[in-house]
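To keep things simple, chains are lettered A, B and C as they appear, and every chain counts its residues starting from 1.
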Amino acid sequence: MRFSDLLSQLSEVTESTPREVGGDPELLGAESLERAGASQLSFLEAGHALSLALTASAAAAVLLPLDPELQEVAQARGLAWVALKDPRLAFAEALEALYPRTLPPAGIHASAVVDPSARIGEGVHLAARVVVGADCVLGAGCVLHPGVVLYEDVQLGEGCELHANAVLHPGSRLGRHCVVHSGAVIGSEGFGFVPSAQGWRKMPQTGQVVLEEGVEVGCGSTVDRPSVGETRLGAGTKIDNLVHIGHGVVTGRGCALAAQVGIAGGARLGNGVILAGQVGVANKAVIGDRAIASSKSGIHGEVGAGEVVSGYPAIPNRLWLRCSAAFSRLPEMAKTLRQLKAGSP
Amino acid sequence: MRFSDLLSQLSEVTESTPREVGGDPELLGAESLERAGASQLSFLEAGHALSLALTASAAAAVLLPLDPELQEVAQARGLAWVALKDPRLAFAEALEALYPRTLPPAGIHASAVVDPSARIGEGVHLAARVVVGADCVLGAGCVLHPGVVLYEDVQLGEGCELHANAVLHPGSRLGRHCVVHSGAVIGSEGFGFVPSAQGWRKMPQTGQVVLEEGVEVGCGSTVDRPSVGETRLGAGTKIDNLVHIGHGVVTGRGCALAAQVGIAGGARLGNGVILAGQVGVANKAVIGDRAIASSKSGIHGEVGAGEVVSGYPAIPNRLWLRCSAAFSRLPEMAKTLRQLKAGSP
Amino acid sequence: MRFSDLLSQLSEVTESTPREVGGDPELLGAESLERAGASQLSFLEAGHALSLALTASAAAAVLLPLDPELQEVAQARGLAWVALKDPRLAFAEALEALYPRTLPPAGIHASAVVDPSARIGEGVHLAARVVVGADCVLGAGCVLHPGVVLYEDVQLGEGCELHANAVLHPGSRLGRHCVVHSGAVIGSEGFGFVPSAQGWRKMPQTGQVVLEEGVEVGCGSTVDRPSVGETRLGAGTKIDNLVHIGHGVVTGRGCALAAQVGIAGGARLGNGVILAGQVGVANKAVIGDRAIASSKSGIHGEVGAGEVVSGYPAIPNRLWLRCSAAFSRLPEMAKTLRQLKAGSP
């Protein structure tokens, strides 16, 4: 694809966007600045430490931030370029254009096992060894990769993609365009046990899991169903690998949960909450809209809307940064304190 | 089911249990207080902040704690109710009564692959695409959901349930009524490598994993076998999702391990140990009976019976609470210290 | 196998190695000192607290460290023994000799689904229900256990072993003798989303994952592919269970990552890096050769070659030990500080 053709596919590009098509190179792919070769596109973000990287790059074309200096460097090197407010978003669009996805064709593989009561929409692809249980409903255009297992009574909206060996338990409800990655488990029994004279007694988990439109669940992640009611992930929420979502958790729209986050039963997240890697959220904690927790934080109780928290127990991020700095001076502080005490009357 | 019929199935209910059957409503299901509708049962626990919730609930019937005030509220609202020492346990029993489990029928699906040397007990259900290796022995009434893989020489006691895509490696021994949830892996090779001149050399893992009666292992959790000897989980131990149990770990009876706990090789847990989410236990650590570790704790060395520990490295919970509170005042403390030092002779 | 025959298979044993074959017992297996019986081999390491354990052991033969005192104990008990610099390494060799591995026979199970365009090397074993996608290339002697799924365009070097229900995504490249354990996922989409006016927009993940020769990936672990370029694990790197490796991570040779480690996108590890359980490494962090992070550490920024770090944020281990000790005295320190302040002018 010519660079000029690519530009016409970027949403931010208008007549007046600063650019230099140069020889209008033919682009065969994209790469990072360091690895890009003669027929590849690359991109730079503001804040990247990089006129150097740009100078050294062998890329044919580059998406730049709105920074005249970088544009001059690119110009001097004879690269084709365009300057954008959001080069990362444009790079996402460019990758889509350069590497168009080909969905697997509609059809049911001979080795798939589909209960006769299941209703399969138009254009659905059921790969080898897929199992679809009784009373399942699959919307049009769903793609189930090899080894996916749907227990009975699972419903998928249009255009869902379930990767290899994912498992969906009874009652799971997925909105349109959800993605479940390889080995993830949706709708499994919540960890509910009641102490009794005979040991732990299972609390039956009769509720269900609802993933709203556009939710994505990473490889090996688990989303449990509750004893009663719902576990619900709000529209557009994105979940990375090996995340645990306990029974009865509810999230708002557009949350992002990084790898190995764990959310205990009954916690509630608002809209746009971001949890970094390995964060833990305790039972019934409440996190407000657009709050952010940095990696490894542990959250109990309540976090207000828009707050940024860190540490365990989580405290405001700025305070935590200062406390952590002081922590590494604790031995010194202890020594000073001993000296003062010895010197005091 | 009528409320009065349900009462007859609750173990704690006797002639003299305080109750009010009222119109003896027909119950079609159960829900949380907030979500319950006109033909649903709900429950309240002591300590729940809730005469308000009770007032607002549309439930038809409710399991109450032994609290006359709540009973009056329920009475005033015309709800059917019963008052119990342990309404949560009763709710577990009620859910079993209201949502009776139907086990899948005995039989071997045509797509299951069963080695001829395997011995399959009466009433066993092998779902689609199950694989059973050589010399396996499955007790009566076991249920293997789709995609389960048993390597060779696996033995299951009566009434075990293995969920979709679970994997059991050679030598695994499960007692009666164990449950392995979707995607869990039992009996995999322990992470044993010996440094050598040629890099990491694998220590062969020739031991085996034993799950005693009634053990439950959550989705995606892994229980490794050791180089020699056993990894053993005591009877009635319950393990949540994404938990790692290293080679040679031994637990007592009735332990409860929450999601994302990790236990390194050779650690020993007593009876009734409770580890909250994301706790880590180091190599060969020893944890006494009924000890509790709060979430994200890291345990080295030894924890005494009945101790409650927190933090990393784990210290007694009460001390940790005070230390954590002081941690967030560290910048202040450092400032005071500087002032004192400047002011001192 | 006779003890004398076993000795001939241990790489460290020479003519002059101190030993006592005694009755040259027939060995039927190996066990820990505590569990070993009359026809079993065991081993002891220096530092083990153990002449006692040795005295109590019923083992027939034992691999000892170079410690004359232990040799005397063994002699006195009439055990066959040999004394070695590295008894642990010798025990690994002994287990291999005593428990020789039998690889499954070459062949393709009738229920395996193999795309006609795939190229399958000599001696490959494809077990029941394996799925091999288009254009895959499998080197000689690969073993794929039941339920393994290879998407299209996966290449495996000679002698790879993929355990049950492992999943390899398009473009994955494995060198010779790699092992992927049950349920692990290689080459899945990196967690790349760009904020846009319409919510999180997926950054296409067009790169690939490369495992160099001898890499081993534990059960349930996930190794993501990047938007462009590679995620690469250096030769001989060993990864335990439930580890997350983000998109674009690169490790050197011979790293060891313990269970539940998480490495965020773009981080770089040198050769021989060791990360203990539940360690987290942030985006684009850089860790030098042979650095070690103790369990639960959180690493941002840079760790120098050979450094040993602990804590979150990670600091040098020795400092962290002193800081952690001081942490548990914080309430005391705060009290002393209040007293000094009250007493000061």
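In the analysis below, contacts are C-beta pairs under 8 Å (C-beta built on N, C-alpha and C of every residue); 3 or more make two chains touch, one makes a residue touch a chain.
Since the structure is predicted, the reported quantities are computational estimates derived from the model, not experimental observations.
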### Message
If I list every residue number at the interface of chain A and chain B, are over half of them used by both copies, so same, or under half, so different?
### Response
different
### Task
Give me the rotation angle that lays the C-alpha atoms of chain B onto its copy chain C, rounded to the nearest 5 degrees.
120
### Query
At what distance in angstrom does the C-alpha mean of chain B lie from that of chain A?
27
### Task
Would you give the residues of chain A that are in contact with at least 2 other chains, written as numbers and ranges?
111, 129, 147, 165, 183, 220, 242, 260, 278, 327, 330, 333, 337, 340, 344
## Note on the structure
In the complex, chain B touches chain C at residues 111, 113, 129, 131, 147, 149, 151, 165, 167, 169, 183, 185, 188-189, 191-194, 196, 199-204, 206, 220, 222, 224, 227-229, 242, 244, 246, 260, 262, 264, 278, 280, 282, 298, 312-313, 315, 319, 322-323, 326-327, 329-330, 333, 336-337, 340, 343-344
### Task
Would you pull the chain A residues touching chain C in the complex into a rising list?
29-32, 35, 86, 88-89, 91-92, 95-96, 98-99, 101, 109, 111, 127-129, 145-147, 163-165, 181-183, 214, 216, 218-220, 235-236, 238, 240-242, 253-254, 256, 258-260, 277-278, 295-296, 324, 327-328, 330-331, 333-334, 337, 340-341, 344-345
